[in-house]
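By letter and in written order, the chains are A, B, C, D, E and F; residue numbering begins at 1 in each of them.
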């Protein structure tokens, strides 16, 4: 089933971006990867046939990235590993 | 109509691929931004336009045209804002060695 | 064995993503990263629920004229539940970022070890 | 002439391109490179969404999400650029 | 309107909470009146619903008139009705008490505090009366988020502990949600009654075991069951005195109620993997009781001591759950009631002392009995009840737990309960000694002998006295309570 | 310390393995015969068009069959707004020790004006477009498109956030934090009030069919759904702005 493989590939990409978000030293880079994570989450939801959820996640992705960066403005960018 | 759509699709795809190559291969941020900002915008626009032509004349095509419009508006501005931020925060452009 | 692989691989990937959450929360010392791993965990739960509703031959649960019958549409119930879950994750994120800002304001750090040291001073 | 197969080919090619862009996002070296890669991923995802819509025969549903993606890329770039206003640091 | 009572229990506090920032902008006094009215209405409707459930059987209320399993229903059976009465009663009492702490704050702070408090009430009430596992999650999140907000408004240290609570609490909620996902995957239903029926043939499946463990871990985190209690002491110690009595008294108990509901009603205590899981819970709970009591002895801050004692007391509920028989059930539910009332009372006392003297350390409690006789009287009742001295309520729940343990021949649990009572006695006696027997330093003494003001404002004193009286009343009236309500609540309708 | 970390790692690994094994007992993905796709969901798919008048089954379940959950969800958002605002306003006051608070590094904050001509001009075009799009998402949500109250509210909030980011705190197209909080309460109240209305008309909470209007049942239901969607939109928009405002507020110099 090609759909299943596509899905598996997308979830794998999510795992990669999620892991790299956790292991980045720069918090801003971490947030950017988190944003990419949310992009792939949207694609995955769509592949699973859930446009409503994908739509919500797309919008929530924007809002949460915005929140993160606005908050990071007042924090230190560096992070331990 | 189909021919037009096909031409648009393939030329759009060509630009997308070229932009991607540029982003991967170019030596520094500004050149990569150049590739992404120009190539990708044009590629996406042509591709979506091709899809709109393929879809025929209805409400969805209107929305596709809106996407084209928005990409044309947002992408260059994003590039501008980004390069400005990069330059102001002290990222030096790449030059050939010895110059 | 091969069936198990194709049928449950996605569940495994999703559960791996889920366990990334507790892992990050325990082993990452930066509070922002803890927050991120929390969010990743919530996304994994959403994926899990959506995977439950999958159906061969089902399309998006929005009515198409002429296509009638439960077997043609994906189960809409998990989608509904997960809309709620996404909203909850956004809400938690907002609150905890507010908390982090306050912590940063008072203690000037977000690294856990440093924070504990400054708290006990 | 434009069949589902052609669209599927485009889709897979675009996914490969997104995968390549992911390298740029993961590798860096500066934050701006990552952002740039993210922007390209965002715009390419718009096309992927529309293609998925064509393949599912439900374009009108996917287009809305694609539009919101356009906004997404824009605002996150603006926010990050604003982050750098007056901060003046490329590396943490 | 009579047939809408179950909805009113939750809806009225919710409605007032939604409007409270707006109302506070115009008049904080109006807000106070509205908040009290809402809590009172909620309490009255809970009592009414409980009465109906006791006389005419369980009451099912369908939201939007969609029959379950398609819609959401509220189920008021004796157990959930009793919990609703308990929660709304304590909410009302603590709301009266809150007032003095908030008078000087600005409108925004007051409005937000009232809104969060009423939302917490509504969330906990929703969790008790709902008959839908996902609806329970939604209300769990409402109550958790409002609790985060309330705890975090207590200063900077509270912020750190609240952040830890957010992380851990979200893990708990996610585990719970994943457990619900497993249950949904194998049954296709979210309604509790429907789940019970559809789970019966599946109870030997591994998926049910995993779901059980996930729900146990999730709710265990939320109710601070022993190895998962890390968030609790800091959160209780640093949160503001206006909110903590209610959070400490009720929140963990409602989570414990959810576990009881799952294990006794949905899974059934005798089927499939359940006895195995329950046995593990029992050992962990017994260990937790002893360790947390020992930890409580080592504390010098009164609230921190109470927090560790909370962890120990939650262990009793876990013990009752793990026994899995009728006496265990009665002991657990009775202990939920007792502990909610007495912990609430003790935290009210702590807040009162803080109000009067600004101190939380136990060593500053010297001669407190002469400065605040009524408050300390209530404290004495609470402490006796915690230790388990006969006329007070705490004795009877321990009694039922011991009966249950004897019935299952688990003498080690009996030993644990008695030993922990001794430990309780030790750490409460330290406070009693300070308050009743020690003499205060001369300088401080002169200060309070001169003081002619009443010990506390009436709005603070009345709740303390009322709760102190409740401890006695519940203890004396334990027989009718058990035979009329708790036995009816036991699945299968009692003997 | 090493031992604690190793123990925690062990717990995480064991948990993962247990979950992996447990996943083997779940019905296979894509199985049309799995209990999840056969038991409750059939009615939603087959009956929702005639019972609720909504072409989008997700909206039907969200706003009608399980409308009470959605009330809870909206309340969660509102609660988050309250909690975020109370935190950032009051923490420094409540700390009894009264130490001087170290400020974050000085510089232009997020609430300042952001002055490039290109961006200012572009924002003038983008903001109305985004606002219109948000309204479209709300209106088009019921008619067989994805979208609805939540998405619309978030898109509208994004429009205001763009305006805040580009034009600074004094932007004309802006809602202040306190007002946003009150608005969020009102939005959720609109939702709950629909339910209270049905109570007053003699039905159960959120039973839209009870409304005493001369309409078919499906029309009454879709009227009720649009009523609550408006409430959700208002609440979500206002709360996101309130949280953003709380996060981006100019650091008070004390």
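Going forward, a contact is a pair of C-beta atoms (placed from the backbone, for glycine too) under 8 Å apart; a residue touches a chain by one contact, two chains touch by 3 or more.
Model, not experiment: these values are computed from the prediction.
By the document's definition of touch, common neighbours of chain D and chain E comprise C, F. Listed by label, the chains that touch chain D and also chain F are A, B, C.
The minimum number of touch steps separating chain A from chain E is 2. Taking C-F and A-C together, the chain pair joined by more C-beta contacts is C-F. Comparing the CA-atom centres of all chains against that of chain C, the greatest distance is found for B. Put simply, the C-alpha centre of chain A and that of chain D have 12 angstrom between them.
Averaged C-alpha coordinates put the centre of chain E at 29 Å from the centre of chain F.
Averaged C-alpha coordinates put the centre of chain B at 32 Å from the centre of chain F.
Residue positions 70, 74, 77, 81, 84 of chain B each touch two or more of the other chains.
Across the assembly, chain E contributes residues 134, 138, 141, 145, 148-149, 152, 156, 159, 184-185, 190 that each touch 2 or more other chains.
Across the assembly, chain C contributes 10, 16, 18, 22, 51-54, 56, 58-62, 74, 77-79, 81, 83-84, 87-88, 90-92, 94-95, 97, 99-102, 104-106 as residues in contact with two or more other chains. The full set of touching chain pairs reads A-C, A-D, A-F, B-D, B-F, C-D, C-E, C-F, D-F, E-F.
For chain F in complex with chain B, the residues that touch the partner chain are 116, 118-119, 122, 125-126, 129.
Listed in rising order, the residues of chain C touching chain A in the complex are 6, 9-10, 13-14, 16-17, 20, 24, 28-30, 32-33, 36-37, 39-40, 43, 46-47, 50-51, 53-54, 56, 58-62, 74, 78-79, 82-83, 86-87, 89-90, 93-94, 97, 100-101, 104-105, 109-111. Residues of chain E that touch chain C in their complex: 134, 138, 141, 145, 148-149, 152, 156-157, 159-160, 162-163, 166-167, 170-171, 173-174, 177-178, 181, 184-185, 190. Note for the complex: chain A touches chain C at residues 1, 4, 7-8, 11-12, 14-15, 18-19, 21-22, 27, 30, 34, 37-38, 41, 44-45, 48-53, 56-57, 60, 63-64, 67-68, 71-72, 74-76, 79-80. Listing the residues of chain A that touch chain D in their complex gives 9, 13, 16-17, 20, 25-29, 32-33, 35-36, 39, 42-43, 46-47, 51, 54-55, 58-59, 61-62, 65-66, 69-70, 72-73, 76-79.
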